[in-house]
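In what follows, chain A forms one complex with chain B and a second complex with chain C.
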Partner chain A sequence: MNYLTDTSNIFTRYDLNIEVAQQGARKVSGDEILQNVADFVINGDEDGIADVVKETLETKTPMEVINDGLISGMNEVSRLWDEGIYFLPQVILSSDAMNMGIAICEEKMGRSMDKKGKVVTHTAEGDIHDIGQVIVNALLNANGFEVVNLGADVPVDKVVEACRTHNPVMVTGTALMTTTMTAFPKIATQLKRLNLNIPFVCGGGAVSEEYVTGFDMGIWGKEANQAPGMAEDALGGDEWQAMRSKWNG
Partner chain B sequence: MKLSSSMAYSSADEMMFGTAKYPVETKRGLKIGGGHVIPEIVPHPRPGSEKTIKTLLREYERANGDALERCVIVGHPYLQVENEHVFQMTHNPKWGGEIAAQTARQMDDYKEKYGLISAYRATVADLRKPDMVGMRDSDYTREVLESFEECAKYADIISIESMGGKEIFDHAIIRNDVGGLLFGQAVLGGLDMEWMWTQIVEIAKKHGCIPGGDTNCAEANTAMFMAGGFISKDVPHTLAALSRAICVSRSLVAYECGATGPSKDCAYEDPIIKSITGIPIATEGKTSACAHSDLCGNVIGAVCDLWSNEAVEYHDMFGASTTAVFTEILGYDVAAMNSSIDLGYQKEFQACLINSDRYRGPHGFMLCPDNAWEIGKAVVDNNESLYVRGKAAAVKCGELMLGDPNLKLTNFEKESLEAYMKDLEALPDKEEDFIDLSLKKYGKVKGFKPASYGL
Partner chain C sequence: MKPKERVMKVFNREKPDVMPCFCVNGTPTYQQMEKVGAYWPEAHERAEDMAKLAMAAYTELGFDAVRAPFCQTFEAEALGCTVKWGGKENIPGIDHPVLHKLDDIPKLPDDFLERGRIPQLIEAIRIMKREVGDEVAIIGGIIGPFTIAGAMLDAVPILKATIKSPDKIHPFLEIGEQAGTLLGKALIDAGADLIAVEDMQASPDLIAPKSYQKLEVEYQRRQVEALDVPVIIHICGNVDKIIPFMEDTCCAAISIEPKSDVRVARKILGPEGILIGGVDTATTLFMKGPEEVRAGSIEQIEMGLDILAPGCAIAPGTPIENLLEMVKVAREYKYD
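On to the complex of A and B.
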């Protein structure tokens, strides 16, 4: 069979045209020891970070390691992803490394570090397609939020109860199927009835903007990577109407 | 279960759309893989219709009925209808059975009234999420098996999109972990399929129904859709292609347990499966853009026997309902393919399909018949175990991608692929060693229960 070598009239490989030149990570700390911690995060080295954090804790306080090493490194990872240099797996591996480092610091402190705020996440009742939620969880976690992960196939009442108990800044719902996303307006109705005015971000698969903006509190999430930005808005006090007008429409 | 040790075709050149080495015939005389391609329409119910059996029956009566009617209106001679169960249809096994019975009656009516030859495929929803239930012993497991019993009484073909290994796959795919893909897809997926498909084949036999096939939709398709098009930054396309190659090890298990095809439409691994088994396959490409996007819109039809649309939600369009419209589109697509066959131009037509997407991206490239056959050959030549053949498929796929200079890769994609090849090389030779290693490495992955797989 003949295979064409000039395919320019058949398709255009835009990915080749737009590839961002590989760049090294920037320095994030003036302190060589803390920069080393940050580098383990930037390189997503979960295997090696435990030793380096333990070693650093001999000369630095846990909060210094967290803020100026682990979180600074993660911020650099976010920048690399935003600029199209890093792919999602690199972000996840960095997040894993950061979390492991934080756990060691917390052990030394004898308490958990303060998180920015809570976000309740779930995948709709009857739906077991939760990889979108897994990514949302990882990204929220990487950005300093406490994730209350309810998992997949979660009944409406359980989501509402979690919101009542945890009083999160935001709640998210993921669904692949149109026949399971029907749980979302039920959740919104119950939250409203209980006067829990929590922005409710819904997305995934066949979940459409038209559907989600058809009920109060609903904000459509097009991509998982929007979740941290949305959570920041909610944390900053934006109500669902303001968030909807910013992110949707 | 004996792992496949030979190829159904001696070369890729023998593989053609419309013809399978081992065709199957349905209750109303539809020959699949018997010389011509057949359209397969997959309607999906609107949200809200799943509330009661009454509303769902009505929804499918209209959706499936519109498809049959459109065949008569425009003169399509054959049609297969697939209903992929929504959660409620499997969770309430009688519901799936009633919908199958209703559709069978509609098809009988159309045959009697117009002579339209059609068949019905019921695809049971695999409700078992590995990290939430025991795969072999849970209420959801029992519902899935009961649903097969109910559907097999009326359907021509039964199928499933099984979920084995999904908990490990999800962990691995977002961590660039090709070893995790091998464990989740090839080993755990294959073990779960052997357990499940032995039972499905028995149920099908009992009811005179065809045990169709499985698909790695839950995993390899997740990888492919995360890799996305040309602007996504979620997963490298090269990793998605390796995931596709690996999944052959598990999707093949259905046929090794006695399934006869037709395979499932969303199993993009099907050209490889066909090269090994000779069963008729269903594929989907450009016509599934209503459900998702891919980079192999034409090439994936190069050796198909059923040509599908994946799933289209039932609602109105300018031209009629979606199922009527997509039935018309699918029917005209296969009319062109079948015309080429009857004119003797099928090789030329196939060359056009292949060249459309061969170098559009890694997935289209690896699924070209020549490359699919090569990957299939690596699988059967390494049939020592689920793991060994899955690894061989991945290595061959990687070699093919790196070996053809016309397949352009971004620097990132190429560097990633070279790293995956090194990772693969470093893995153990023997399955038992690999399983030991994996049980240690993934033992703490949330919800992973080795007992679910008999480990």
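On to the complex of A and C.
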């Protein structure tokens, strides 16, 4: 008589197991050595990335490693995220691995690589629920923006001051609670007074389109996923009015 | 039919007279505070105020159940986490510094139930039971294991660990489960008819569905089994992908917000599963008027709800007429 030795699949609900069909990452480089660097990013291997980057820098230039290894790998991570194959933890791990790799390349070059542009991010004053901001930071980082992360529970003045010092292409605010989002119009008013016409993207659990489009410079961010696309628009020179009519309404 | 009977009939898989309406999450609004004379922050800290404000959901709104507490910090505070107080307007939250690093082995204090504000919460449930326990269902609120673990470790470290070193999370889940279960049992002893577990951080918005399945379901299942009243599990965000796994916890009911698709959940749970949900607490209940609340509530009910509820904790600035309208809608769904 035959006995079933592996019973692990008996009760597997294939119809519901949404990750069964998970497809692997695609190749991003024709060069095997650079593909290897990209794979460390795709796998979010923060522990291994330093060694592999150092090793690769013996035969490749820092810019090759950055552009064709680290950033190409991160682009693939963005694709896997967009397709719902990767989730937030993978994006954070990959983004951290990429940044560690970039830091090593920068050290070798003796200068910082040019980022696309700066984005100031914060969670509203009184609100310590910064998870929305964590997502925004990871995605912006992943897409080559320099994130000026002000963290959670940030006073209005501090946000305005950061905008003055860093001159970002965009500023974001997240709020989980309806009670804390009232800080956003205050920030917008101050920015306007200082003539800092920076698109101000606001989103998060409690934040509605109606509320954000109720004050100048405000653009409503429905999902954290929209942050990189919005930052690209801002980088391309779109003013808040154009961004609002594209992303809202 | 008394509100309590109405609620319990649903959990006993019998037909109530009309659809019950209550909130699985926090219920207070500033208007309710004014009406009953119990305010934040006292109602987060003192049993009498907490009970008074919780009961406003029945006396002022006509909800079929009342619920305490109003924040997600009781277990974490008792475990040693730092609480950031919310003052008159806000709910308390967990602040830095973070209690633990991933390599630590957390411990459940022997006097867990005597720590922080837990005795006040237990007493509040006792008061609620005494005052309105014959009329309405009493819900005791606890926090899910993964979310308590997240409070101990902070969000980014625990998220990274779900992929990198899931084994290191287990001791924290273990303590999170024990803490919630201990509190849940104490709340049941004090008079809770139902337990609501909020597990915000276990949402697919934050962790992979596979991580939820592999890390959290077993602890939730254990918790559900240990608590001998019906347990409602509430997870925020779009939970479509984890509904089958939430079902595996054997909880009595699943509570979702409108970012999830009620139809998907209904299809997976079948006609027997109890589904709680309703309109968005920010974009509709807080920002719009009774008309939109009515339309949105009907839309959600028609997709297959058993109990109408705000999708999450009620925003404290929510106008009372919106909440009253929601109750009115539920009353119109009669079962014969």
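One rule holds in what follows: the second predicted complex is superposed on the first by the 229 of 249 C-alpha atoms of A that agree within 3 Å, B and C clash if a C-alpha of one lies under 4 Å from a C-alpha of the other, contacts with A are read in each partner's own complex, and residues count from 1 in each chain.
Convention: a contact is a pair of C-beta atoms (placed from the backbone, for glycine too) under 8 Å apart; a residue touches a chain by one contact, two chains touch by 3 or more.
Every value quoted in this text rests on a predicted model; they were computed, and no experiment measured them.
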{"item": "Contacts of A:246 with chain B and chain C, given as first, second, both or neither", "value": "neither"}
{"item": "Contacts of A:81 with chain B and chain C, given as first, second, both or neither", "value": "first"}
{"item": "Partner chain(s) touched by A:178 [first = chain B, second = chain C, both, neither]", "value": "both"}
{"item": "First, second, both or neither for A:164, with chain B first and chain C second", "value": "neither"}
{"item": "Comparison of chain B and chain C by chain A residues contacted", "value": "B"}
{"item": "Partner chain in contact with A:222 - chain B first, chain C second, else both or neither", "value": "neither"}
{"item": "First (chain B), second (chain C), both or neither touched by A:208", "value": "second"}
{"item": "Chain B versus chain C as contact partner of A:27, first or second or both or neither", "value": "neither"}
{"item": "Touching both chain B and chain C, residues of chain A", "value": "13, 16, 18-19, 87-90, 92-93, 96, 126, 128, 130-131, 134-135, 153, 177-180, 206, 211"}
{"item": "Sites on chain A touched by chain B in the complex", "value": "1-5, 7, 10-11, 13-16, 18-19, 22, 81, 84, 86-90, 92-93, 96, 126-128, 130-131, 134-135, 138, 151-153, 177-182, 206, 211"}
{"item": "Touch list for chain B against partner chain A, complex", "value": "13, 44-50, 86-88, 91, 127, 129, 131-132, 163, 170, 173-176, 222, 226, 230-231, 233-236, 313, 347, 350-351, 354-360, 370, 406, 408, 410-412, 416"}
{"item": "Chain A-touching residues of chain C, taken from the complex the two chains share", "value": "84, 86, 89-91, 93-95, 155-156, 159-160, 162-164, 201, 204-211, 236, 241, 244, 268, 281-283, 286-287, 312, 315-318"}
{"item": "Contact footprint of chain C on chain A as seen in their complex", "value": "13, 16, 18-19, 44, 46, 87-90, 92-93, 96, 126, 128-131, 134-135, 153, 177-180, 205-211"}
